[in-house]
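Heads up, the next two complexes both have chain A, just with different partners, chain B and then chain C.
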Partner chain A sequence: MAAASTRRALLGTTLAAVALIGRRRRAAATEQIKIRDLYRTNTEFSERAVALQGQRIEIPGFMAPPLKPDAAFFVLTKRPMAVCPFCDNAVDWPADIVLVLMREQQEWVYFNRPILVSGVLELGVAVDQSTGFVSKVRLVDARYELVG
Partner chain B sequence: MNPLPLVAAEMRAGRARHAAIVLLVALAVALGVAISAQDRALRAGSARAADPFDLVIGAAGSETQLVLSTVYLQPGDLELLPARILGELQGRDDVGLVSPIGFGDSFQGWPLVGVAPALAGHLAAGRLAEGALFARLDQAVVGAKVALGTGASFTPLHGMSELVDDEIHHEGFSFTVTGRLPPLGSPWDQAILVPIEAVWWLHALPLGHKVDQARLFPSGAAGEPDFAAVPIGPPFEPAELAGVPAIVVAPKSINAAYGLRQAYRTDPATTAVFPAEVLVQLYSLLGDVRRLLGLISIMTQILVIAAIMLAVLGSLDRQQRQLAVLRALGAPRQFVFLTIWLDVALTLSLGAGLGLLLGYGAAWLLAQVFGQQTALALPVTLGWNELRLVAAVIIAGLVLAALPAALTYRRSVAHALRQG
Partner chain C sequence: MLGLLSGCATSVDSSKTAAVQAQDSYYAAAQATLQRIAAQRPNTGRAKNVILFVGDGMGVSTVTAARMFEGQMRGVDGESNVLAYEAFPYLALSKTYAHDAQVADSAPTAVAMTTGVKTSNDLIGLDQRGKLEDCETSKTTHVTTLWQMAEQAGLATGVITTARLTHATPSATYAHSASRDWESDADMPPEALSQGCPDIARQLIESNYGDGFELAWGGGRERFLPAETADPEDPSKTGKRKDGRDLTKEWLERFGDGGAYIWNAEQFKALDPAKAKHVLGLFNQSHMQYETDRAKDSAGEPSLAEMTTAAIDMLSSDADGYLLMVEGGRVDHASHESNAYRTLTDAVALNEAVKAAVAKVSTDDTLIIVTADHSHTLTISGYPKRGNPLLGLARGVDGELLMGDDGKPYTTIGFANGPGGLKEGARADLTDVDTTDPDFIQQSLVPLASETHGGEDLGIYAIGPWAHLFQGTVEQNYIFHVMDHASKIGARAAAATAAAPKTN
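After this line comes the complex of A and B, so read on.
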């Protein structure tokens, strides 16, 4: 019993260490920024976001329900949509979402799975050629991986 | 020395055996190719059909039913949305297109769908196949597969079937066809698009606009109505609006799309859904089925190839004496190896190639049958997945063909001659 729990604890520590090393290596390669740190005010981008413009960065978040099926883009949100239908309301709907244009189409994941997206940051209003949608923040040439 | 004449002679001699092997491999490969191509076609076809519909808003209830009814025009029980929703939506400036959708009537089995002119234009991507959009309450635009020409007129039927006992023709009212949509590859190809106001008129509901009664009925309430008096499409007059089963919205921005979806999901009377959400769920289900079928087809291929190798090894004994004679006459070992290897490798490759064609044919045929039943066009194409599958079988064939060839290569001539 005690031996088993020690072993489990050891395993946990090892896994955590491996995860940490992995994360540190990634962080060394590319900067990571949270969605909430992209904006200074509701309409203005933060200095850090402006500085990272055009660079390959990583943003953690959640995949919003798909707007188009079989498409190579999705919307990244800072928290999972529709997890709590009571606390989410229209007023709450944030302006701070990121449009992710993938390098190649990847499988959809359920919208409560945390993901880490890496891509080149683009700021400013732009109209997508194929869908006609307007967006403000984009990660282009992106790909994502599941975390957690 | 060229082994090809001998291989050709061997193939001619064992024609039936070779044909059977080619067919077996072809069938096994065709199964895999058909599953993979059909899955992609189903995804592409359903996605294309849903493309013009960004956001669909309906009364609170089943989202799947809402999408099936609006995007794929499958009849279903939809509750009516409160009239105020349409009024709210048409006032927003982050919305590019708002169109109510109303069902209920038909003509000769083609469903009549009441829409705003903007949606008909949106579906046609701005370019009708012929004619013009409807501009009056008693005009209609037909889908690509509807057998009504421009200028034809027809009287709609209440409900969908001519066999219902209490069928009600909307007597004294007829539509004139003014235009035709280009083919969309969706069930909308079989629909007749009419102004939503016409659907309200046929059901004696308010017309959505302030209408001058004196202009509408120039010769008194019992006389012929003049439909030029009724405006078509938004903006609607909120006080004059009736309920509708669904509203199609094209938001201008991504934020607006998610904002509207959220707003009308939170509203207890309504639900809002991206058709893509429902499709992605369907795809994930389809993906599971495809993976299972794919596994079965791979096992089939392995079984078939294993059985064939067994048959080849068996038939080697028969050839053994002949090859030993060749060796005794001075043919090098490599020649014998090549003869056997080429025979097996060519047969397997031929089977795999034929399987690609057969699989494509099967997927195409399935798509035609499915298209007939659902009016959903499925574009069947051969992609990397299918080519990869065939390439894998061919490479496996080339490698495995070395097995019997090597066995023959190693056998001693004297032994083989004595045996015979």
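After this line comes the complex of A and C, so read on.
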């Protein structure tokens, strides 16, 4: 890979470094699933993911830099992805990412701080009318908290 | 494996020792090593075949970690475990700096190994006069790769990688480019296109050395398919090329009945080495999966070991011999992510490929080299007890968590820089974190979105004809010279070219 640290930045958005995220009490019965367990193959959902459709669940991960500062959504990744060291553009984003549509805007966290997102799981290809963003997995009505 | 070494055995008489520790198990093991190495004799026969394994980013600390990890995976002692290539008889250290850089990227390091000269970062197949993204200068600074010479000399040639076939390391076997990023025409500036510089993918398909590569297997379909063409594995994605060319079709047109293009595991398994003469394998739209994620690939991907085995079967039919590069390309990518789990599982996959090669060839006539292109910032540190899980928290001899001065535990493996470093705030408390999880990111001191390469020397492990020429600390480009000396490829290419000047 290239030595230059600035090459291949996927998103140039700058972030407020550490957000002051209020910690909330977690609902005891909320199921938690890892991003990697959403898929059976890289193009097929797992049985568990299908069973959790429409339910409020929690997914741990990392916040990729938001596309714009006032966005009401962000991409959740299973490993930190501020700069993809081996990609050229959005087409090369890993398949297993989750689009998080927030209930209300929260302060952003830096790309490598682990977060836990709570939201209602939606599966299937959808195109956001305002951004053109194509997603396969979404958490809607979502909130997140910093966990580390 | 070592029994295949030529020469008669001798022994070292160590029986008359006064050492009180002579019965100690470590002492006895070292005596056995002494006898083995004393019995080694150089093989000065010609190398009919040469296989160069490159673990991209696999520095010495990563090799050490892979050794321990592989042993622990098998439930044996990790610290004293021996990887397949660590049993090779000869070893040297490789100095990896580039012509213009203290710490190199994968382009000049691959060029050093494939052409025998050092060049600058980001350049493919150009000498030290090459300039980044300068198409015109690149036209007069080409250097010939050993793979191109091998084609001229009539050998069979192949390149295998788990990265894109157009990525720096594999492309250094066949391409010349003023930027490693010019993987397709869509990646090139208009000026370079108008000046007639071809993209890297095109150069693989159009290579006019000999009869062209016998096999090229890896990832990177998008660079070979036009933007209008849907990807066969994931129709929601398309190729990248703007020139409308489908290079997979052009490969088939060029090689006719002897040509094949495959893109999934089923087609790979159906490959008949006796019939396939020129096979292009593109098993993912971009890079192939990490080894740990391979089982979830929807179209299926062959492992690096499976590709190596099939490649040897295919190339061995050439009586003139073969030259093959096998790259574990994603050891590097996982380290850039500071993800030790995937770094090591991909390093173990490379070891499995080496093991497969050693099982198939005779090291009487086949030179096998295992090395890396550059290092990373991975460290193994703290004072963990013997047998402590390598990816776990460091625990002392009594099993107690070892703490930093901040009162928090730490992992044995860390990266000096990378995404595991925080710009602000205190280091995370890992007490209740499963650091052995495949997606865990190791902590770092310096925060960087992408962990960097390391600049220290690398191991060159070798067996077979002229492997004994790997001794001491040598420049990385020396690897080319040993491969050439052992196989006489350069001289054979010159003779063939002189006899048939129109060949190239």
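Throughout what follows, the second predicted complex is superposed on the first by the 108 of 148 C-alpha atoms of A that agree within 3 Å, B and C clash if a C-alpha of one lies under 4 Å from a C-alpha of the other, contacts with A are read in each partner's own complex, and residues count from 1 in each chain.
Following the convention adopted for this analysis, a contact is a pair of C-beta atoms (placed from the backbone, for glycine too) under 8 Å apart; a residue touches a chain by one contact, two chains touch by 3 or more.
Remember, predicted model here, so these are calculated numbers, not experimental data.
J.: In the superposed arrangement, which partner chain does A:Thr41 touch: chain B (first), chain C (second), both, or neither?
T.: In the superposition, A:Thr41 touches chain C alone.
J.: When the two structures are laid over each other on chain A, which of chain B and chain C touches more residues of chain A?
T.: Ranking chain B and chain C by residues of chain A touched puts C first.
J.: Quick one: is A:Gly148 in contact with chain B, with chain C, with both, or with neither? Answer first, second, both or neither.
T.: Touch status of A:Gly148: second partner only.
J.: So in the superposed three-chain picture, is A:Pro66 touching just chain B, just chain C, both, or none of them (first/second/both/neither)?
T.: first
J.: Now for A:Val134: first (chain B), second (chain C), both, or neither, which partner does it touch?
T.: both
J.: Does the superposition put A:Lys78 against chain B (first), chain C (second), both, or neither?
T.: Only chain C; A:Lys78 stays clear of chain B.
J.: Which parts of chain A are touched by chain B and by chain C alike?
T.: Shared contact residues on chain A (touching chain B in one complex, chain C in the other): 82, 85, 88, 92, 95, 134.
J.: Once bound in the complex, which stretches of chain A touch chain C?
T.: For chain A paired with chain C, touching residues are 1-5, 7, 9, 17-18, 34, 36, 39-44, 78-80, 82-83, 85-88, 91-92, 95, 110-114, 125, 134, 148.
J.: Across the complex, what residues on chain B touch chain A?
T.: It comes out as residues 43-44, 46-47, 50-51, 54, 96, 251-255, 257-259, 261-263, 265-266, 274-277, 279-280, 283-284.
J.: Could you please specify the touching residues of chain A with respect to chain B in the complex?
T.: 64-71, 75, 81-82, 85, 88-90, 92-93, 95, 97, 99, 108, 132-136
J.: Residue numbers of chain C touching chain A in their complex, please.
T.: Listed in rising order, the residues are 56-57, 101, 103-106, 121-122, 163, 168, 180-181, 187, 222, 233-234, 236-237, 240, 286-287, 289, 293, 296-298, 332-333, 336-337, 339, 419-425, 428-429, 433, 438-439, 441, 447-453.
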